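Got some structures for you, see below.
In the two assemblies presented below, subunit A is common to both, partnered first by subunit B and then by subunit C.
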Partner chain A sequence: MDDPPIEILAQQLTGGLAVGCVYALVALGFTMMLRATDLVNFAQGEFLMTGAYFGYTLLSLTPLPFLAVFVAASLLTGLLGMGVEIVALRPIRLRQSPVLNLIIATVGIGIVLRLLAMLVWGAEPLRYPARMGEGALLVAGLPLSGEHVWIIVLAASAMLALHLFFQRTLLGVAWRAAAHDAATAEILGIGFSRVVTLTFGISAALAGAAGVLIAPLFFVAPDLWLLGPRAFAGAALGQFSILGTMIGGPVLGVLETLGAGYVSSAYKNGIAYAITIVVLMVVAVPRMPAGSALALRYRRVSLADRLGWPPAVAARRRQVAWVVGGLGALLLPIALDAYAVHVLGLILIYMVAALGLQLVIGFGGSIVVGHAAFVGAGAYASAILSLKVGAPFPLALAGAAIVAALLGLLFGPILRLPGHYCAIATLGFGEIVNLVMVNWTAVTNGMSGLSNIPRPRLGPWLVRDDHGFYYLALAVFVVVFAALHRLVDSRFGRALVAARENELAATAMGISVPRQRAHAFAIGAACAGAAGSLFAHFATYISPDSFTLVDSIAFLTMVVLGGLGSLPGAALGALIVTGLPETLRALAEYRILVYGVLLVVFMMFLPGGLADLLPRLVGRALRSPAVPVPAAAEGRGGDPDR
Partner chain B sequence: MSPILAVTLVLALLLGLGPGAALAQDKVIKMGVIGPLTGDFAFGGQYQLAGAQLKAEELNAQGGGIKVEILSEDDASKCDQSVAAARKLLSRDQIHVLLGAWQSTCTLAIVPLTAQAEVPQYTTSVAGPITQQGSKWIFRVGIPTSGLNRATLEHAVKRLGLKKIAVFTSNEEVGKSVAATSVAVLQSLGLTPVAKEEWNRGDKDFTGQLGRIRASGAEAMIFSTGFAEQSIIARQVRQLGMKIQLLGGDTIGGNPKFLELAGADIEGLIFSVGFIAVDDDLRVGAFVRRYRERHKQVPDSWAALFYDSVGLVHAAVKATGSIDRKKIAEYTQGLRKGAAYPGVVADMHFDDKGDPQWDPLLVQIVGGKWMILR
Partner chain C sequence: MAILTAEGVRVSFGGLQALAGVDLAVDEGTIHGLIGPNGSGKTTLCNVVSGFYRPRAGRVAFQGRDLTTLPPHEVAVAGIARTFQDLQVFGEMTALENVLVGGHCRGRSGVVGAVVKPAAVRREDTAGREEARAMLTYVGLAGLEDRRANRLSFGQQRMLELARALVSRPRLLLLDEPAAGLSPAMVERLTGILHALRGERGLTILMVEHVIRLVMGISDRITVLDHGERIAEGPPEVIRRDARVIEAYLGSVLDRAAD
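Let's turn to the complex of A and B:
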């Protein structure tokens, strides 16, 4: 077979550049957001999708030319971004919630946008009514797609406009000042809140512009949002500087296309993430100021403290509560039918995984967005051990935990990365693991998945039905919960929390923060692996589809929804995130919309997560002052995020 | 309001998990429909559900003492959710028949469940292995990839005289099935594919693989499956200046949106399908009109196939006089040529494995419209 001719290479290069320019626009939004607000906006991909749909509607309903629609759709998306920030995110910010809560709120916003788009424009991909540059251009004797050239030109113009905005307008200079030093800027009269809103508007507008540019090439469909997380890699490549991002995006696009052409199209989507991880880990390790983005800014007040119980009484009552709860959990399935018990079993499995992630995020202070990879690794390890080696279930379960833990140890160094860099690197890690599941067909059977995974057998007990499985999962949950409960109260756990609260001080105390975190990562991964094993033998069928970015985001949501740094909270979070969509099945496609809205609402009204719910309710009943940090009383004016 | 709301939600959650009220009425056939209503493949699930609903409404309006109840479950384009939905329908809702899932991979994952629960399952999924699992309860109403590809490839090789054929498929169950059956059909014609490439679901850029296919000197390319992917591939084929006869695998499913989406890029494509919406056909015309009136869109093969599936089950109940899962399966199995169920798609009957015994239509896209070649 000959090498593809030069025309093909030229086509691939311009195609890669065009997509890369689109990445750059989206990535610029990420970069601006990170610099001004310390926030990763997980709805950035959805803003791109929304912009594409706005463009579609404008082109269909108005006689406006493509260029005018390009500008108008970008502006509309920008306005939407500002609106979303004011309505949904500002209240959360003013409550001084952890940054992660804001991130989760953006996840919720993304879900809502995706579902709204589907309800308004339908689920099928749509053809763009108009396109720029049909036909081929001859450049230096090579036929290039006019469409690609136009995308590059328009994206470059948008970036130039942004550059001029920063250099030549008062507002742009004010933004730079605020991003550089918010406190000083505030003194000089540049309101931080307004800067945040403006940042959101510009980021969304850039994403919207990207959407209008890419839609003619890729069609408009709800799945356009997936470009968002990948574009993040462009921002990371550019070291989160504005100029760097403008270069990082196109570089990413070209590398992806050439990689697919000359290395492997199967791992194309992993190329971006692999480069990002390598760049961050080896080439240019980012440093962040001491302290941590995750330090909990509120004090968790326990129920016992609320009620004013002395410690001894509280301990006794807690024991009573555990016994009652335990009995309840044992008796609950008797009253329920098979399907309800099935769902409860699934919830217990996700609880086990969420507990592990709570250790890493809530106690360890690392933002991890790739937890589903460990669940998947455990699921595959367990399934393969059972199917191909014939290992008994207990061995498969242990094997799953060990494989996942080893994977965690191997990638533990990622957790050296500060905050958001860690988030993107672990996200990339998760995507790469997923691609391995898809493409390593000899072992995983690829997208077809592994079926007929045997039901668990423990000695003489074959766990055949949902009720049996519930008790098995409950047992694993209790063991994991008890172990983690002891662990977080141990020397190890306290060192972990110390590192989360103040990395510098912890290091000064002789704690090796990276090692501490890597170990926490491995332990969390082991929990995920055990959960994955349960999942495999419970569903009896697994495929890469069950361990995607969406699932990783769901795990993250469980932990934050439940309440950072609370083990029962993680379990509660898993209950809500897994159980709610199942309970709302009657609502068909609207259920995911409701789920997204709830996510935002919870972040707005329950910043401490579900773990704070009961103490708050009791506090309200006793008419004692509500939350430890009420928004109005202790918020430091316009600088809540610093 | 927040804590109260949250408590209410948790309570609602727990209550919602309580035993569902089982209202078993004598003359109601409960049909569970599983498919993607959200996620990547939402369009597919929505079409097949719409077809099932239309037939149910028509039958219920007719009266006759047998009512059809459609219980729809969304699997969000994910197979573990298809499995969960199937478990729910089978154990809680006590459905009499199951229609679905849509993706071949997901259908394959459900087949053991319906076999165990002894509930007849009807599916539009086309991947080969679905009926090879030893279940007596699975009936495939869509023509499998082997049948579709044989028709398409034989036409290309024998009629059009094309010999250098490339195979380009998704790496999912249906894509792999298309690839495997294409290779087998080509082999039976004394040929081997000149190139064999795969893509991942959701890919948008195929120039890498197309570059290699072009270098192989292929005269024709059979490619499958995925709505948007195939449209983008067709466009990139044109942009790369490749002169090549496009052959469709499956899953275009005769969906009208495919024409709309792919536009001129797909002109000349030849493919095989079980059903195509043409107004002037005696058999399908009336169905196409009613479907368009009810759902404001043109039906595709998935809609037609589930429309027929609901009708078939209803006919089974009517013929056997009782709503009995076993009898419905036996009735379906007992259909024969000459004593088939007269659906809009075909006179439906099945072989021992549950595979359909009727021929696909060979269709070409000419002037942006379907044209039935044979």
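Let's turn to the complex of A and C:
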């Protein structure tokens, strides 16, 4: 490539800076929410999208100038955010649910917002009716895009306004006090709930503002939400401090643009994540405080305890339940039509992957958002082993698990990162792996994917139909479940849970916490890899589209919805997340909407996940509501994240 | 014979000098008290010995082996177990599980063993559980095996930490204020246990403690720190009369203890 003249460089810099300033606005929302409540708002990208659509409508229907629309759309998005917080999130928070439940609720909110937008404005990308500062602007003799300059100016003004709000207004000071120490602030009369609602509103307003600024550069489409996770990377880069975020966003934008221009445009969307992961590993890991794993605050009471069964009786009845369940699973396909069996086979595959993620999240206490990457790695490994090497299915399956496990081991050090840093780093890891699938065409055949993957053959048995596949997947599921069941109640499993509960003490017991987490990560990845292999041979066709961020978030949802730290829960979660949209098929496009709403409702009423459903119902029937005591009231030991 | 030696250990946090070149020698089979006013660097020294802090200068040797650059989990494997001043139990795990984790560094079984469960792993598991139960009984927590650790009382959690440390069969036990917050009866019990550990098991104990009666009554030797420096070392009788120690902080407290 020729050296570009200074004009082009200047334009790229302002372009990057403009996008970076938009990131910064969205990222400030992330940072504020995190500082106030420990919550990563996964709907932040959707608020950006909503703001962009609000701006679109206001510009189309009213004669208001762009500036007025910018302010109005931001405020509207902020109000929407406050409403959402009060209706959907506050009830969950008041139940002392684990913070991951809140995160999944925001996932549900995001799904609802995306779908509502699609229903109101349509799925087609819309061209913005008006723009700001069209034409070039001459700055210091360099012709710059006036649009970019305007974005920078407006974003900077919004940030300045926020800064003044924090420093100069009573509310701002109250916010800082509450974010610093909620309990003390509460004593001083600063209602924490109101602070959280306000924070959520401001976060949403910032995202909305960002949406109005960025939309004219692209089209308005539901896809705009994807800017949210990248802005989250900017917040992490700024170490989740207000000032750091204001710097981190623009830095990321500029590096991303320059990287796309000079290094690789194919990997443009991965650059932000790669930079963030590297910087976090270098900066955050050495300064990492001990005890950073996520604590599971909600304590489930088992069914046996609710019913007051002695351990021996409970164990025997559990065995009976397993036998009955097993028989049911064996006989189930006989009663169902081919399509239902097909869906069940798919559900079993997701169950296998979800079990692996449960080990990492529920037992290991790391927030991992990139699980689909391992499913994809397994799927591609298995497909390539079958197609190009001609490996028989059992070998391809084992190879898929091993490839995924090695990938997990290689990137295991990411799990040294505490809580939310780990979330964004693994999210980024997933996105980068997905980009590799798209761009490494020689091996993966790019977006066209790999087709004609052979049906599984086990010795003389060729798995040809959905029934056969169901039994194959069931067998793999049983093996994985049994293995993990033994693993969590072993020296290895106890060490993993100990590291989650108290990193400092675990280290003093001779446990290498990073190694323990990396190994768990690799085991979880192996499960995902096996699931990926099954998926590849089940669908006979794979493409990068099956292993995206959306899928990773779905896996996270399965684990949290099912109940953290429960293997049966993970399976139930996979059943609901995969099966519910299928059962709602009659509702057509509304099914995703219903699914999103149900997700939030589940988080509201089942803080212990689906694994807790039956015990809770039984407990209620027996009128002995064994109310779990929040960890905060039990002295030390359950102290999360700090 | 010194089992643990520290030479010229220097630690600072930012501009604050926490340890200014401290020497320490702990003889094998003794109880060594480590005392000093608040902020004198006792816990910092504990953290250096157990590998959580890397000193800016100086070295720590255990059984002749240099520990200075060893990561903390390997220090535990080398035979130094510790308890914490502020309770650090595995809150959501049961008392029994807590103690089982304490035996981690002696265990051998790995991932494959856990899944396949050959006879050797089963044996290790059974033996570990028996030993953990015995240890809980030893520290007076019999009957509480299945109680979650964060549902135990403060004193019980202290004893749980002790059991968790002991089950690793350490050569050196590092106790950071083991009696803080204990009732007089439990201090009594702790004293008995520590005596027995030294007498019957020949365990070496390095103990940071504020309860002067306990330290004076049980220690073979005492090191006194003040402002990150060692100002005295010797048997309790000598420490009791040391002018610098009295001046530093002990005077009135010691008199009361002697009455």
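Observations, loosely collected:
The rule is simple: the second predicted complex is superposed on the first by the 610 of 642 C-alpha atoms of A that agree within 3 Å, B and C clash if a C-alpha of one lies under 4 Å from a C-alpha of the other, contacts with A are read in each partner's own complex, and residues count from 1 in each chain.
One rule holds in what follows: a contact is a pair of C-beta atoms (placed from the backbone, for glycine too) under 8 Å apart; a residue touches a chain by one contact, two chains touch by 3 or more.
This one's a predicted model, so the numbers in the text were calculated from it and none came from an experiment.
After superposition onto subunit A, the modelled positions of subunit B and subunit C are compatible, with room for both. Put simply, more of the residues of subunit A are touched by B, taking subunit B and subunit C as the two choices.
Computed from Cα centres after superposition, the angle at subunit A between subunit B and subunit C reads 160 degrees (steps of 10). Contacts of A:Ile576 after superposition on the shared chain: subunit B is touched, whereas subunit C is not.
By the touch criterion defined above, A:Trp121 reaches neither subunit B nor subunit C. Using the contact criterion defined above for the overlaid structures, shared-chain residue A:Gly261 touches subunit B, although it does not reach subunit C.
When the shared chain is aligned, subunit C comes close enough to touch A:Arg491, but subunit B does not.
In the overlay built on the shared chain, the residue A:Ala508 is in contact with subunit C alone; subunit B does not reach it.
In the superposition on chain A, A:His519 makes contact with subunit C only, while subunit B stays out of contact range. Once both structures are fitted on chain A, no C-alpha atom of subunit B lies closer than 25 Å to one of subunit C. Those residues of subunit A lying in contact with subunit C across their complex are 295-296, 299, 483, 486-487, 490-495, 497-498, 501-502, 504-513, 519, 523, 631, 634-638. Put simply, subunit B touches subunit A in their complex at residues 1-7, 9-10, 12-13, 16-20, 37-38, 40, 42-43, 46, 72-74, 76-80, 83-84, 87-88, 91-92, 105, 108-109, 112, 170-173, 176, 195, 197-209, 211-212, 214-216, 227-228, 231-232, 239-241, 257, 260-263.
Chain contact summary for the complex, subunit A toward subunit B: residues 1-5, 7-8, 11-12, 15-16, 19, 115, 118, 122-127, 136, 143, 145, 217-219, 221-223, 226, 256-257, 259-262, 265-266, 268-269, 335-340, 342-344, 346, 435, 438-439, 441, 446-449, 451-452, 466, 539-543, 545-546, 575-576, 579-580, 582-585, 588-589, 592, 598, 601-602, 604-606, 610, 613, 616-617, 620.
On the side of subunit C, the complex with subunit A involves touching residues 50, 52, 71-74, 76-77, 81-82, 84, 86-93, 97, 100-102, 104-105, 107, 109-111, 113-115, 117, 121, 124-125, 128, 148-151, 154, 157, 164, 168.
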